[in-house]
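Each of the next two complexes has chain A plus one more chain, namely chain B in the first and chain C in the second.
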Partner chain A sequence: MKRKWYDWRNVYLWLVFLLLYAPIFYLIFYSFNAGTTMTHFTGFSWQHYAELFADTRMIEIVLDTLLIALLSSLLATIIGTLGALAIYGIKKVWLKNSILSLNNILMVSPDVIIGASFLIFFTFLGLRLGFSSVLLSHIAFSIPIVVLMVLPKLSEMNHSLIDAATDLGATNLQVLTRVVFPFITPGILTGFFMAFTYSLDDFAVTFFVTGNGFETLSVEIYARARQGISLEVNALSALMFLFSLLLIGGYYFIEQYNSSKKERRRNRMEAKLIK
Partner chain B sequence: MKRLISFALAIIAFCALLAVGSSQLQKSQGASSSGTLTLYNWGDYIDPALLTKFQKQTGYKVQVETFDSNEAMFTKIQQGGTNYDLAVPSDYMIQKMHKAHLLVPLNYKRLHGFNHIDPHFRDQSFDPGNRYSVPYFWGTLGIIYNDQMVKASAVQHWRDLWSPKLRNNIMLVDSARDIMGMALITQGHSVNTTNVAQLEQAKLKLEGLMPNVKAVVADEIKMYMAQNEAAVAVTWSGEAAEMMANNSHLHYVVPTEGSNLWFDNLVIPKTAKHYKAIYAFLNFMLKPENAAQNAEYVGYATPNKAAKALLPKAVATDKQFYPSDSVINKLQVYADLGNRMVGIYNDKFLEFKMYHR
Partner chain C sequence: MKKYNAFYSVPYVLWLLLFVIAPLLLIVYQSFFNINGQLTLSNYQTYFGSGTYLRMTFNSIWYAFIITLVTLLISYPTAYWLSQTRHKQLWLLLIILPTWINLLLKAYAFIGIFSQAGAANHFLEFIGLGSQQLLFTKTSFIFVAAYIEIPFMILPIFNAIDELNPSLINASRDLGATNWQTFSKVVFPLTLNGVKAGVQAVFIPSLSLFMLTRLIGGNKVITLGTAIEEHFLVTQNWGMGSTIGVVLIVAMVVIMFATGERRKKGGHRE
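Moving on to the complex of A and B:
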């Protein structure tokens, strides 16, 4: 049966996408408003973008936010991957399950509680609130996410692969770097990007642990919202949306390129074998 | 593995780039650790041009950090780990902070220009003798109405809101103290009453208002009123000023029988360190020309009498935002009633909101 162009499944799909994206495009549309509110579009202008680039504090906060997100997700990915390896290696079932449960509890416990406990903990230690406190807390709440992303990949891996490698005389380190890591790389990357997005848009935890002149984007925008959100924030949102679009697009093309390269290599090898 | 390592290296390189960029920006703003003053303020509540002017005059850089509620600010200052030199709490919160021993008394020998503050706004119940606080901005609770939908003469007093003509046409701001206070004033009681019977009466009075209430909303009230969604709303003067900027048919009234008078005030929290910079800043902000400039930027009413004289005539004589002395004398400031009493206010307000018409 030939599919009609308006297949109901497609209609449903597009409807959902429309609902998800409409608010974002609405926001972006008004970032070009010559007026100052989101209620009437009075004309096209770049003025809110000009305001945004003149606002050095805002730009500084954007850079800091990206820095925190990248650095915390990188460190969390390293720690979380090693943690997932350790959990994978545990033989006792009850111990493995209890550690996994502890990991999951951190995932589901409300951000506000995590944030408040970090604040109390950091001040108890006498740590100055600021860059380091935000970084540490972001690493801490990102680790469980990374563990959850990497662990299924490890369980998916055929254990005979490791046995075969050791059988062929590979050292433990070689097994890890040549066999295990290449296999779980997709899991690690997913973990990294999940951690990155979590860190980028976290508000509740960050709100408690910022201080001494250091702030992230979500906290700043929330504080500014008291006077009604200025369209400068719309302009920033539009740029961030464009940035993530480029990031996703770039990632997709790199993947595409890599897999096609692999494909070509495999084809060449096969051609050689046939000869 | 190679791929992962190069990925990680790329991220680290990017991080380094970001760190350099951010520190460059900080330098361009003239940050230096020695002469920095940290101001803990509401979002967008000071003219940034004044901060650069202050830095040029005194050499101290002002770092502004922002909060969105008195309670959040209280928690962060109480918890410590921060070095806020000045904070801007509202009236009842000053009392609460004082009780929690979080405030440093002002040294009047180092403070110049306090005499510019209008005597009406000095020596309030939340801080007798202004031992701890310098008034920063003030405002009222009032009625905002749309002259296309309702006549001005029909909404001059709180009791007018109960008129059957306003059926399903009133929006209330979602704030227990304010709406309960409105009902209390209508019945001739104090907004700080601790008499539970009076509160119960106020609740019953409010339930009678229900047929007229279209919605009990928070910040959205600004947008709704600007879009002609309702004829009348009860809200604060600062919010009203913003709505009026977006819709010329809106007008604000402070009922003459009384209303709430609220203050935001500069205080020195326990976490303060840079006292020289603090007094330089307080004296700078008390100067009439600076206070006037700030009032024009923020759009709230300044308690600085000399600054008010410098404002454009149309602003300074606007009865909506600078009501006459006879009205001001009837205004009441909220006192900190303690957790138990605040709980009762909140419960009564909740009962009202759940009331089925």
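Moving on to the complex of A and C:
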């Protein structure tokens, strides 16, 4: 169905895109403002970027945020993958379904509920709020998405692969590392990636469990935004936009790589069958 | 593999017990304590007895409803026409891209745009309406909330439309249905699941967007989320906060049953 670009349906789509992107570019545009407001552009300058890079407190917060994201997504990926293997091994349908429902509770709960209930939980345990409570919360809310990304890969796997490996004398560990893991790696990578972005994006849960001493980027932006406009935040948002573009690029590269690998394997198998 | 099963389920089961079940039980447990740590039902009495809390809950649900409606009205046509374009996967990617930008940065952008001398007021002056107070109003809260939620509504609807078998539409046209009949009798009913998933993905978070009520709504709008945040982090009345939390959980369960499918964030960014 070919349409001219000025077809009113396309005009509508363009308007929606404009609406979605205008605020983001507005933000980035003013990061180059020589003045200090987000309303009058007085001239081009890099000064807010210079301020940002001179702000050691901000850089520390950025590094902390990345550290939390990396550690939490790594641990969540390990626990989530093991969880997916455990769920995959369950034979009773009702048990499997109820565990899956429990798994999804943190996915559908509003952030404030997760934050508030974790705050009660950590206080109940007597854990000091700070780096460790934020890290634990991020691991906790990232696990379900990893499970949901890995589980379909496990179900896709042909069970006779495992039977064949066992018949040929592979130990359980060998079956796991040589047969199962290579097959589900794409799911694990996607899960890791999603966990990473969840952690970077999160504000509400962190805000509840962070206490006084420790801050992540979202919490810092919130604090600054409540005080009003500071173009340093604009400069930061421009850099974060670039970073998200890189992440998305990386993600699509992984996806593309996975699907092309699968494709190649399929072609090879077909070629063998024809022979 | 049986033997190993018990071994690798340990961390996962621990997570289920400690971070899913325990916090939920604790929030229910906490809701029975007043600010002095005594076991009472007074929080529930206050909640259901005083009109303030019930009015706040009703308002919050009303705002969530309006936000969901606005989002749906913008998203359905977008998803529908998007599915007819040629490079639809690319377009879809462009729709999802803004969700990767931190929510707070988007809210912050609107503080600039809606400010007294901001772009929105320039536009209003340009079309002759004159400058208005935009920031810290209910309308701006609804606008920004809808802005943030739109991609989460488009995605499930797009997926539902994309899965729709085009021969059904052709059949309907062949049998003499008008465009509108085809849409209302064939396309819309068959994509209702996508709409439901989208409503679920938008409605529940809309009940709890406390950062937007603070940054954009200027405390004129109080959602369930704002009330919970206020009680936990400002007035330190955890019991009352938990009571509102329990109400929010109940609201969430009701919505999930009403919209059927159980998926939210998983469908968000594919």
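Everything below uses one rule, namely that the second predicted complex is superposed on the first by the 221 of 275 C-alpha atoms of A that agree within 3 Å, B and C clash if a C-alpha of one lies under 4 Å from a C-alpha of the other, contacts with A are read in each partner's own complex, and residues count from 1 in each chain.
Just so we're on the same page, contacts are C-beta pairs under 8 Å (C-beta built on N, C-alpha and C of every residue); 3 or more make two chains touch, one makes a residue touch a chain.
Treat the numbers as computed from the prediction; the structure is a model and nothing was measured.
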Clash or fit (per the criteria above) of chain B with chain C on chain A: clash
Chain B versus chain C as contact partner of A:D111, first or second or both or neither: second
Comparing the two partners chain B and chain C, which touches a greater set of residues in chain A: C
Partner chain in contact with A:I120 - chain B first, chain C second, else both or neither: both
Touching partner for A:R57 - first (chain B), second (chain C), both, neither: first
First (chain B), second (chain C), both or neither touched by A:N97: neither
First (chain B), second (chain C), both or neither touched by A:V16: second
Which superposed partner A:Y222 touches (first chain B, second chain C, both, neither): both
Partner chain in contact with A:T171 - chain B first, chain C second, else both or neither: neither
Residues of chain A that lie at the interface with chain B and also at the interface with chain C: 37-39, 78, 119-120, 207-208, 222, 225-226, 228
Chain A residues touching chain B - in the complex, by the definition given at the top: 37-39, 56-57, 59-60, 63-64, 66-67, 70-71, 74, 78, 119-120, 122-123, 126-129, 133, 177-178, 181-182, 185, 188-189, 207-208, 210-213, 215, 219-220, 222-228, 230
Interfacial residue positions of chain A with respect to chain C in the complex: 1-3, 9-10, 12-13, 16-17, 19-21, 23-24, 26-27, 30, 37-40, 78-80, 82-83, 85-86, 89, 99, 101-121, 124, 136, 140, 143, 145, 147-148, 162, 172-173, 175-176, 194, 197-198, 200-201, 203-204, 207-208, 217-218, 221-222, 225-226, 228-229, 233, 237, 240-241, 244, 247-248
In the complex, chain C residues that touch chain A: 1-5, 8-9, 11-13, 15-16, 18-24, 26-27, 30, 74, 77-78, 81-82, 84-86, 91, 93-95, 97-98, 100-113, 115, 117-119, 147, 150-151, 200, 204-205, 207-208, 210-211, 214-215, 224-225, 228-229, 232-233, 238, 241-242, 245, 248-249, 252, 256, 262-266, 269
Chain B residues within the chain A interface of the complex: 1, 3-4, 7-8, 11-12, 14-15, 18-19, 21-22, 25-26, 28-29, 31, 36, 38, 42-45, 63, 65-68, 72, 76, 79-83, 219, 222-223, 226-227, 242, 246
